[in-house]
């Protein structure tokens, strides 16, 4: 068990995947000698050569489209979209081909590819470098969408994604790249892709979060515990497939639920979670499912991004409003955000 | 008051908009002499000339990008994406520029453009011709997203969209193109863009729908009424801005809510509606908010598309399950879909 | 690069200024360049037979749309020479990436007409096994298949077991960013891929001059370092020769090429189109007269390779194919709604398992009601079970 | 098109095989083609002054990133000649579409250094008024500004009141589909737009040879019917002359052009980049020696246009600009969180009104707690009010 950064764990996962299967290829913009702008592919070209890990022209639709063709030829490409907003040029390839090819061909043609997307804000990035695009992918049938919140998950979910017979959009929470944790290359008890995990048990309120929001939720839980409220934090890990069982079991136990996401709220993944939870746990709920999300605004510049991001205070604010009335609370001292 | 098809009403709206303002331009693939594959732009080139209504190269990102530049030069472009799946190539332009330019420039540069997107299925179209892409746009801050369900709304919402100072994604329900209704070119009492409308009053259950799902919901309401259940049908009309007031008032009155959309359910607009309704009406709700939506699969081929589309039966099935328990009902004779 | 070297490179990359042509419009053989070998007689005869049969198939398909047996059919009429000529340049081990327009190419590739019409019939999105046929699904989103073709070519290059990829794109498709990205990728990777642009002068209603100001679309290649050529796409002999040269260059490890075949879409875009709105009959008539099948027939007769006997044989085969098509498409449109969930993922997600169960239950209830389809989707009105509270 | 006409068209569209150069690397004047007028002396002196001041500004900005006063800075060092030369070809009524890299171009356009650094400082996404400056926001998503430029050029053409658009793209940006779509649109519309590709040989770490196999990027033009040229981008005189010719051609209603300026990115991609990972010092040293500012100085001195006096004046102005920059960026990063909601739409939606009210209440509560920012976002740990049930 070594303590490494999430960036390093992702790098190790790619290295091990390249070692394990000669058909795995890594390519994209700057992933070669530079090792990627976040160094996630550091050293891979050195170890595996230009043929296995290489730079491409700057053309995201082309990168994803070429990966589709390589899959048809038996390879397992892992491509990088340098920042999430730079995945948008590939949207047609992803929505019309990556997601649909297996279905189109009645299962004869599968696309075992991974599209890595560094996502989210909180790193002081200028415009286009902090978007959260997971809902676009999660809403597209035929894509698996995964995001790690811990260093160990970063490693194992990426290994699972590479091994998956279907395309996986692997959302990497940028601001956790430098978080540290333990990871073992022996699998141990790490849950497979598709399962959610209860990161902290608690009897009072279920807080559902994923990716960069998970550490915030855990911090909120520690804070709440000091005030005598026990939050149960569920880390979704996989948005598609969605682990209804874990979420529903938790909310039926606690009777209250707050969903946290960094992306703008409207029609986001948090909306889906809230909708599902109330559909499936209505009679267990003592209060509405509340959401803490980014505002419905373009991601802000660094100077004001903190005002946009879900915070411990906002999660606690939502928790404090879990049993009163329908109106969003504008008057209480502790403001919260429900979007 | 003339009775016309929705296609004709849209055509009239464009014609009147072109007449009212010399800066309005209509362009896209086949919108010129052909009049568009659905004839929405029929006769416009003849009346206004190639300069005002013209065909472009086949390049959707280019079409939307050129429209951005034309806005900067003071024009008001109305562009067509021939079918919704063919709007995907323009996704980066829409998400990174159309949606963000006003915000980026602190309001100095506004983009009064309309992006017309024929959407949805039910017309026997082969692959890529029946997608429902509204959630992608609705989730993107900075875009207004509108969809008419009636012929009169088709006319007036499109006029409003052209006049709007901000970009509007105008989703046209393909399968209602041939529906007929009355429309007057004197505004009368038609609500402005941004407001929902109660299409049918009813005391028992609020059914929230938009676009192609509205006639299905109304049909369900007629059917339910025969059984003594009164459905109140709310036609959203505008997804962004969202008319909370109308929806919330209705649900607080009825205490029950079913949301209907044709798009795949996961993280769709229906999820947002369900999430908002339970947030704002929790103590008025006698049952969970249920969704009737497309399955989470790529849009099916014509041979089986009917199995995918929300139907009267499914809406009635959901209504019938509004007061029992949390588990989706698999056993009752009338099956319903909650996704 | 030195001035001299660059000049040479550019000259190598640029297409000839006039489309390559081996056969005059009236069927007379034209002088052939030294390096441009004429395809073998047997190959030309085979091509002729496929063109005759293909033409009949195409006409039959158009008729079947009128009878509602095909959802839509984009006719290849007039493009038989470039589609069939190009495909005959391929070996079995090679790959083909067709569009919705390329029924003749698929037919020449050997696919069963019914399988290749599955998409257009509305039964499923792809009717054949792409891996078995080394033929990608017919692609609808314009030019999006081009990067796939490059990726597969790159895969073949890496496997080192041979194989070349041919990808078909329309004149309209060349305006899409994906075409350019693919061409540029191909140049950089040196992948064994041949881009064939069938310039049939229209993209639905958009005429070539509104599509691009290029002197010819083949001039796209030089900007991506891809050698290019243009050919008379109604001249099967020239098309076959030029595409074969490009394919063999790729096979020899000398990288990608771009070929523009000049042709014409004689029929409307599809049966649903109304071409009278955007082009005049005179233009169409001119091109109808420049019929590629007739041209090849005259050429082969002129060379003494073809007799009435072969022509009659081809015609009979054509009728058999048309007959089989009519028979094959006479039944009702088959489809199992539960297949909706079968191929989304290798393993359905729990959500799909759940949704499948719901639909299965609904279908069972429908059966109980007396038949599927008995529900309203708001468009068509049909009887439905009276639901009561 | 006839064979002859096509040949002529193609010749007109193709760039010269060698980049146009008016000044040798050591500053000696080179023979100039008949039709290539040398810019006026005053213009060249003005350009020199801007290059000297710009160079200082650029160096100062890089230093400020190290002090955390700029979030990020992509240096223009080595690209002064092509950025400034190109912009000086414009009139006030013309439009400029820059990228994140083009601080020198913006500076030459007359923008306030602080306003043009607003984006890179992290204060807001665009610091100047694009309409007032006829200068689009610095664009980050590669090549996406190119279709905007075409659209605006088309708008100017339609208004008929003059005006030409200059759009800057990097070598990497030319691989994006949007670049191609824009170029093709420009050709079809005949819009008065000039595409300037600054080929600085790297796209972050991706070297030119992995970006494209083109003989030169200027060869992209012919495939879209856009006349093209290549120029030594470190030669201000040539760049100014070639871009001016293209701009004036557009102004005269003769449509778009593409110019490739060959240059080099002397500094790392941005201050955050580690260029040692992908290129060697020797290459960088070679290009440092080919400094465009030094070259122009030698040329002007050679022609007797420049004296120590002008050079000293420029240096002093440069120091003043650097000083103003340091002063201007010494304060804290300003930002009003409530501005988040101000510009999303002309009128905020009810949702935004609601969200703004929530944030306002939260900020008020924070103030009550003793200061904004006192909340954890999970990354940085700061004190926060003890929330209790």
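Each chain gets a letter, A, B, C and D, in the order it is written, and its residues are counted from 1.
The rule is simple: a residue touches a chain if its C-beta (ideal position, glycine included) is under 8 Å from a C-beta of that chain, and two chains touch if they have at least 3 such contacts.
None of these values were measured; they are calculated from a predicted model.
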{"item": "Taking each chain's C-alpha mean as its centre, the one farthest from chain A", "value": "C"}
{"item": "Chain pair, A-C or A-D, that carries the greater number of C-beta contacts", "value": "A-D"}
{"item": "Whole-Å separation of chain centres (CA-atom averages), chain A against chain C", "value": "40"}
{"item": "Between chain B and chain A, distance of the C-alpha-averaged centres to the nearest whole Å", "value": "29"}
{"item": "Distance from chain C to chain B - Cα centre to Cα centre, in angstrom", "value": "34"}
{"item": "Per-residue overlap in chain C, given as positions that touch at least 2 other chains", "value": "124-125, 141, 175-178, 181, 184, 188, 210-212, 339, 344, 349, 351"}
{"item": "Touching two or more other chains - residues of chain B", "value": "56-57, 59, 61-62, 85, 88-89, 92, 96, 100, 103-104, 127-128, 141-142, 240, 242, 266, 295-298, 328, 338"}
{"item": "For the chain A and chain B complex, residues of the former touching the latter", "value": "61, 85, 88-89, 91-92, 95-96, 99-100, 103-104, 127-128, 135-136, 138-139, 141-142, 240, 242, 252, 263-264, 266-272, 274-275, 278-285, 287-291, 295-298, 325-328, 338"}
{"item": "Contact set on chain B toward chain D in their complex", "value": "51, 56-57, 59, 61-62, 64-75, 89, 92-93, 96-97, 100-110, 141-142, 144, 165-166, 194, 240-245"}
{"item": "For the chain D and chain B complex, residues of the former touching the latter", "value": "124-126, 129-132, 136-137, 141, 144, 146-156, 158-159, 177-178, 181-182, 184-185, 188, 339, 342-346, 349-351"}
{"item": "Residues on chain C engaged by chain B in the complex (per definition of touch)", "value": "71-72, 100, 119-120, 122-125, 140-142, 172-173, 175-178, 203-206, 210-212, 272, 274, 277-278, 333-337, 339-341, 344, 349, 351-352, 354-355, 357-359, 361-365, 368, 373, 375-379, 384-389"}
{"item": "Sites on chain D touched by chain C in the complex", "value": "1, 3, 6-7, 9-10, 13-14, 17-18, 175-181, 184, 187-188, 190, 209-217, 219-226"}
